[in-house]
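Listed next: structures, encoded as structure tokens.
Each of the next two complexes has chain A plus one other chain: chain B in the first, chain C in the second.
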Partner chain A sequence: MQMDRTTLLATIREVVTPYAKNQEALQQLNEDTDFIKDLKINSANLVDVILDVEEKFNIIIDNESMEKMINVKAAIDIVESKLAGS
Partner chain B sequence: MNTRVVITGLGIIAPNASGVADFRDALQEGRSGIRHDAALEALQFSCQIAGTPVVTAEMQSRYFDALELKGFNSSAILYGVLAGMEAWQRAGLTAAVNTDWDSGCIFGTGSSGVDKLREAIYKVDEGQLRRLGSTVVAQTMASGISAWLGGKLGLGNQVTTNSSACITGAESLLMAYDRIRAGKATRILAGSTSDSGPYIWGGFDAMKVCTFKSNDNPAAGSRPMSATAAGFVPGAGAGAFVVESLDSALARNAPVCAEILGGHINSGGQRNDGTMTAPNSEAVQRCIREAVREAGISPSDIDAINGHLTATGKDALEIQNWSAALGRSGTDFPYISALKGMTGHCLSASGSVELVAAVLQLQHGFLFPNINCEDLHPDIRAVVDPERIPQQLRYKDLQVIAKASFGFGDVNACVILKKYHANG
Partner chain C sequence: MTGNDIIDLQLAATESNWRRKGYLEKVFTPAEQELITAATDPDVMVWLLWSGKEAAYKIFNRVSRQRIYAPQKWEVTPLVWQKDQISGSIKGAGASYAFSSKLTAGYIHTVAAVSGINPAVLPVRIMLAAADDACLRHTGFMNHQESLRKEEGLPVVMNRAGHSCIASISHHGRYWSVVRMQQHQGAVSIKSFMAVTSPGFSGSAGRP
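Then we have the complex of A and B:
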């Protein structure tokens, strides 16, 4: 499955929407957006975001990658690399 | 110091009504909330009827946002939050913007989110631990209900969950009362809740304490004080009350529903006739007498009793214990109200659900009909004149109601409530 970064960004936006407490930051979502600092996602919910990402892309995100998934850019990088099969 | 303590708000999710206004109507109508339960039938329960509250999606979305409802599967927290939030609102209170150090929450339950726990157990056993997500702990920890309410309201005083089987609700009220009397809090959101469903009720069904004789006639199944009582009908729900110092209530011009004169909690220690499941009558009588003493009233001041009265073989013993404790019988016996005829036995929620009923009885001056006891048990008839057990709605000014709950573990609680008068 190949997706460009714009498509990935749109899908990530969809996934984080129910968790985001800051609607303005959600409107302006871009690669620099931080899940906790900008979107004000409850830190306990980060694990739910990751599970939803896994489901959406049918991938498994290992613990190490999980730790890095704190912003949109990292999320896209990780999804891209998993989709590429690495 | 003699701080007067009052109840300024009520909330209720019961099998026969949701919300205080509807519950008051249900009480006066003698409305049954007992229905046939397809899940219990499919699972081959002996008792296939139950009192399960009806909660609509609209009611849920009033107090839960979409994110909170994602993966939500805890009926105890659902009922408890709805009842608790209603009580807070009816007391004229709003959620605190900053932490409110003077307000707390003592909200009991017997278990929390047993259905959620079941989901989690299956996932863990299937090697799917990581798929649990973040929602399991908050929905299944015993203190979940007080934590949810505390967070929604910004409560900064003690936030805890008590648990003592069927006296849980009465106990929460008295714990709140004690804390306010001790000057350690101004107001406490008290109450109790219970999960519903087969995993909560199964253990009781297996103990053969639930009726199997009314599966084809649900509304007649819960029969407190009846000669044909055949066991309790399981139920669930939540009752809530804002317990507050009178000074605070007056200062903020709050509505006062009733005054708490006092109460008592004890245990029979599972000695004499007391066991894990049966009461020690000496302890029951002592609990009632001590409650009367602590309330500073005389037994003759009690206008009505809101009993525990579950529709098992123990109802007559309960009546005998009330009679012995108060030294009253025949036409001199207080009026009796047994709510479980309409709701079934809401287990850990029963005490609070019935206390909400008792407060409404005082506030609006009525004795609700005792349904399903048209064939009064002869051992009860021997102690109490049938006129004292109304089977039709009766409007009557009531000043003092004694409410008792008794629970597994041989535990007892008795609360004395009084109609509120400004001058005491």
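Then we have the complex of A and C:
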């Protein structure tokens, strides 16, 4: 499955929308957006974001990758590398 | 060094569905999952363990200045459970901490501390508050003789002599919590202390 970063960003936006508490940051979502500091996602809901990303892309995010999942850029990088099969 | 975490149990019940497939495996170690399965009140166990992980992470983050999302890295082990007070240990990322938790109908609050410090004796304030910074400037420690501020983005509590000590803040739902180390250290200018205790920050509820 081949997807460009714009498509991935749109999917990430869809995934985080129910958990984001800062609507303004959600409107301006970009690769630099931080899940906790900017979107104010509760840390216990970040697990839901990760599980939703796994389901959306049919991938498994291991603990090592999960450690880095604190912003949109890291999430896109991880999804890209998993889709590429690494 | 200390870290703390408060969980509004009412909000947690609606905000998070930890029973969702795959959730527990992502967050908890096998030993912790067993504790949850065996618990008479699994919700309380989930949030107790979670608050321990968060409190430990705050210590890790402050010491290492690293941000990671790795709840499995810290394993929380409750050892003594007396009514609404729980104590135990947290191990992870090469460190071991002691923790002390308080459970009420409304919240779970956990304080973790590095070895040599008893987390149960550190000064704690729990506030039911509107979520804004101004209400936090007065933490109410020591008969309102101290205030909260940030140094390099991290919280400290400062007394009137301008001495500050490391503090940890947590906010969830209806609650704010602050814990601080016992000893003040390092003089900070009295001017910066006064700046945060000016009348605008006197913090009486209901004032515009």
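Note that the second predicted complex is superposed on the first by the 86 of 86 C-alpha atoms of A that agree within 3 Å, B and C clash if a C-alpha of one lies under 4 Å from a C-alpha of the other, contacts with A are read in each partner's own complex, and residues count from 1 in each chain.
Following the convention adopted for this analysis, contacts are C-beta pairs under 8 Å (C-beta built on N, C-alpha and C of every residue); 3 or more make two chains touch, one makes a residue touch a chain.
Remember, it's a predicted structure, so these values are computed and weren't measured experimentally.
Novice: Looking at the overlay, does A:18 come into contact with chain B only (first), chain C only (second), both, or neither?
Specialist: First partner only.
Novice: More residues of chain A in touch with chain C or with chain B?
Specialist: Counting residues of chain A touched by each partner, the higher count goes to C.
Novice: When the two structures are overlaid on chain A, which partner does A:51 contact: first (chain B), second (chain C), both, or neither?
Specialist: The answer is both, since A:51 touches chain B and chain C.
Novice: Could you pull out which residues of chain A sit against chain B in one structure and against chain C in the other?
Specialist: Common to the two interfaces on chain A: residues 44-45, 47-48, 51.
Novice: Looking at the complex, which residues from chain B come into contact with chain A?
Specialist: Residues in contact with chain A: 66-67, 70-71, 130-131, 133-135.
Novice: Inside the complex, what are the residues of chain A that reach chain B?
Specialist: 18-19, 44-45, 47-48, 51
Novice: Can you list the residues on chain A that touch chain C in the complex?
Specialist: For chain A paired with chain C, touching residues are 42-48, 50-51, 54, 63, 66-70.
Novice: With touch defined as at the start, can you tell me which chain C residues reach chain A in the complex?
Specialist: Where chain C meets chain A, its residues are 12, 15-18, 20-23, 26-27, 50, 54, 67-73, 172.
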